[in-house]
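Sharing a structure below in structure tokens format, with a few things to ask.
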Amino acid sequence: MEPALAPATPLLPAFTHHQKVGFAHCDPAGIVFYPRYFEMVNATVEEWFETSLGFSFAKIHDDMAAAVPTVAINIDFRHPSRLGDVLEFRLHVTRLGRSSIDLQITAVQADDPDGPDRFTMTSTLVFTRKDIAGSAPWPADLRTALQHHINKQDQHDT
Amino acid sequence: MEPALAPATPLLPAFTHHQKVGFAHCDPAGIVFYPRYFEMVNATVEEWFETSLGFSFAKIHDDMAAAVPTVAINIDFRHPSRLGDVLEFRLHVTRLGRSSIDLQITAVQADDPDGPDRFTMTSTLVFTRKDIAGSAPWPADLRTALQHHINKQDQHDT
Amino acid sequence: MEPALAPATPLLPAFTHHQKVGFAHCDPAGIVFYPRYFEMVNATVEEWFETSLGFSFAKIHDDMAAAVPTVAINIDFRHPSRLGDVLEFRLHVTRLGRSSIDLQITAVQADDPDGPDRFTMTSTLVFTRKDIAGSAPWPADLRTALQHHINKQDQHDT
Amino acid sequence: MEPALAPATPLLPAFTHHQKVGFAHCDPAGIVFYPRYFEMVNATVEEWFETSLGFSFAKIHDDMAAAVPTVAINIDFRHPSRLGDVLEFRLHVTRLGRSSIDLQITAVQADDPDGPDRFTMTSTLVFTRKDIAGSAPWPADLRTALQHHINKQDQHDT
């Protein structure tokens, strides 16, 4: 029996976010310039925090005087994306730590959901507070929201 | 009777496009860094070409071997936008020329449509073709789409 | 006799800054995407504040708890720039107000300084402080640095 | 005796490129927003291709109708960078394949070269041609330039 948070098989998406590839994302080769993918990934993470967890980045930064920086990324770019493509970004939590979280993020063309991944990415985010150096434990309410999301995600997977 | 394309009073929006201010748009002062506004404006123009005119930028660039570069901008930044603001971009055509078009673009907070403009901007775009230098006349079908849009816009205004 | 700060003829550059057009600046048409010009213009303004005036943006933002936002831009894009072009940005002060400053900024190809302007731009920046709304008078030391720069610029022009 | 291209100890930099952290790179937390690091990394790679190898991206894209896309990245962000920091990017080749290359890239503060790495990154780039799908073998002249660079790099290391 495989553990819920370290799956060997592809996960069903727990959170999806659509973004269209615009002129601003594309390079002289006519495909998405890879730093722009990370802007799109960050927008996906922001949307997930706001709509799934109830903690917008505005709330985290302004009200909580905190941040959720990305501290590690591992990404394979598999298939180019072109101007006008509508991408479906899929975010899955693979580990919840005391002050960190691991995410698995992929993107496919929204109208071809079984088509090739544009990229597969894993990343680690940590919770930080402006008044102390280094990472800090997740606040109780945010941790509860994360755990609640993971429970729903796992039900979706099984 | 005021001329339809040079109104003295604020125009009703003919085309609107909502975009949320994300982390990628904001500067160390916590407000939108102005070059990012232009990325958002360009996304608005792209969305307008695609959904209102039926000419996506992918179609224009790839199929028609053409482009619609912005050749002039006049902008006043009136009110800062902050992380998490959902902005309503409003696009109005103010002049259609042989190979150019003038646009008036503003943005307000979507949930406060009568609130202050974040900026007011006028811009000029021209039609260009990859095989010839300088601007080129609008192709007949694109010109028809532009004129049709202006007619609807004017009916909306009156 | 024409006033020094409102010249009818092209000004000699008072401050120049070289930047190379990279992949990140270029669009699918292979030319600079105009929002990227504004990033380059902002880098020019930052470099000018730091090296000519002695006030880096880090100092202004962090130590002085202030900012110098751009509040108006008027720009004509005259000639496209391509991947690999080294551009010379030229900054000239055209007006110093109580809490604002007007700049004239152009760019040419560095190895063709008499060649066509890539764009001609005028902009207005204002001084703001984090503890008060709206603009604030230039602090005495920054105003002195601005006036000193303008004096040198005018000697250069005559 | 350790193999030259898979060192166990930190490498001496074979190619360095300085870039200043500007306003455009920084987020509301006042530190470099990580997608901007990738723009800076790409600028470093471009500068390396042009000045060390003699193959500018303009030459590769326009004259050779080719490209050198990044297909994989592994990065750890170790220490934040702030507005005004001058970063020294260090690029080292760790593997040369038939149609690919592995790079190791780090950045430190230029005036504190023994200070903490801002990030450590490995990436894989492949050579591609516009007229064929997938990767293509390095052209003979570019491969010679790469091998020549690696030879110099290894002499520097020993």
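Note that the chains are named A, B, C and D in the order they appear, and that numbering of residues resets to 1 at the start of each chain.
We take it that a residue touches a chain if its C-beta (ideal position, glycine included) is under 8 Å from a C-beta of that chain, and two chains touch if they have at least 3 such contacts.
Bear in mind that the values here come from a model prediction, so they are computed numbers and not experimental data.
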Each chain counted as touching chain A and chain D at once: B, C
Between A-C and A-B, the pair joined by more C-beta contacts: A-B
Remotest chain, chain C as reference, centres from CA atoms: A
Residue-number overlap at the chain C/chain D interface, same or different (half cut): same
Mean-CA-position distance for chain C and chain A (Å): 38
Distance from the mean Cα position of chain B to that of chain A, given in whole angstrom: 31
Per-residue overlap in chain A, given as positions that touch at least 2 other chains: 23-24, 28-30, 33, 35, 39, 42, 61, 83
Contact graph of the chains (line, ring, star, complete, other): complete
Chain D partner contacts - residues on chain A that touch it in the complex: 28-29, 31, 33-36, 38-39, 42, 61, 67, 69-77, 80, 130
Chain B partner contacts - residues on chain D that touch it in the complex: 23-24, 26-30, 33, 35, 83
Chain B-facing residues of chain A, complex: 22-24, 30, 39, 42-43, 46, 50, 56-58, 61-62, 82-84
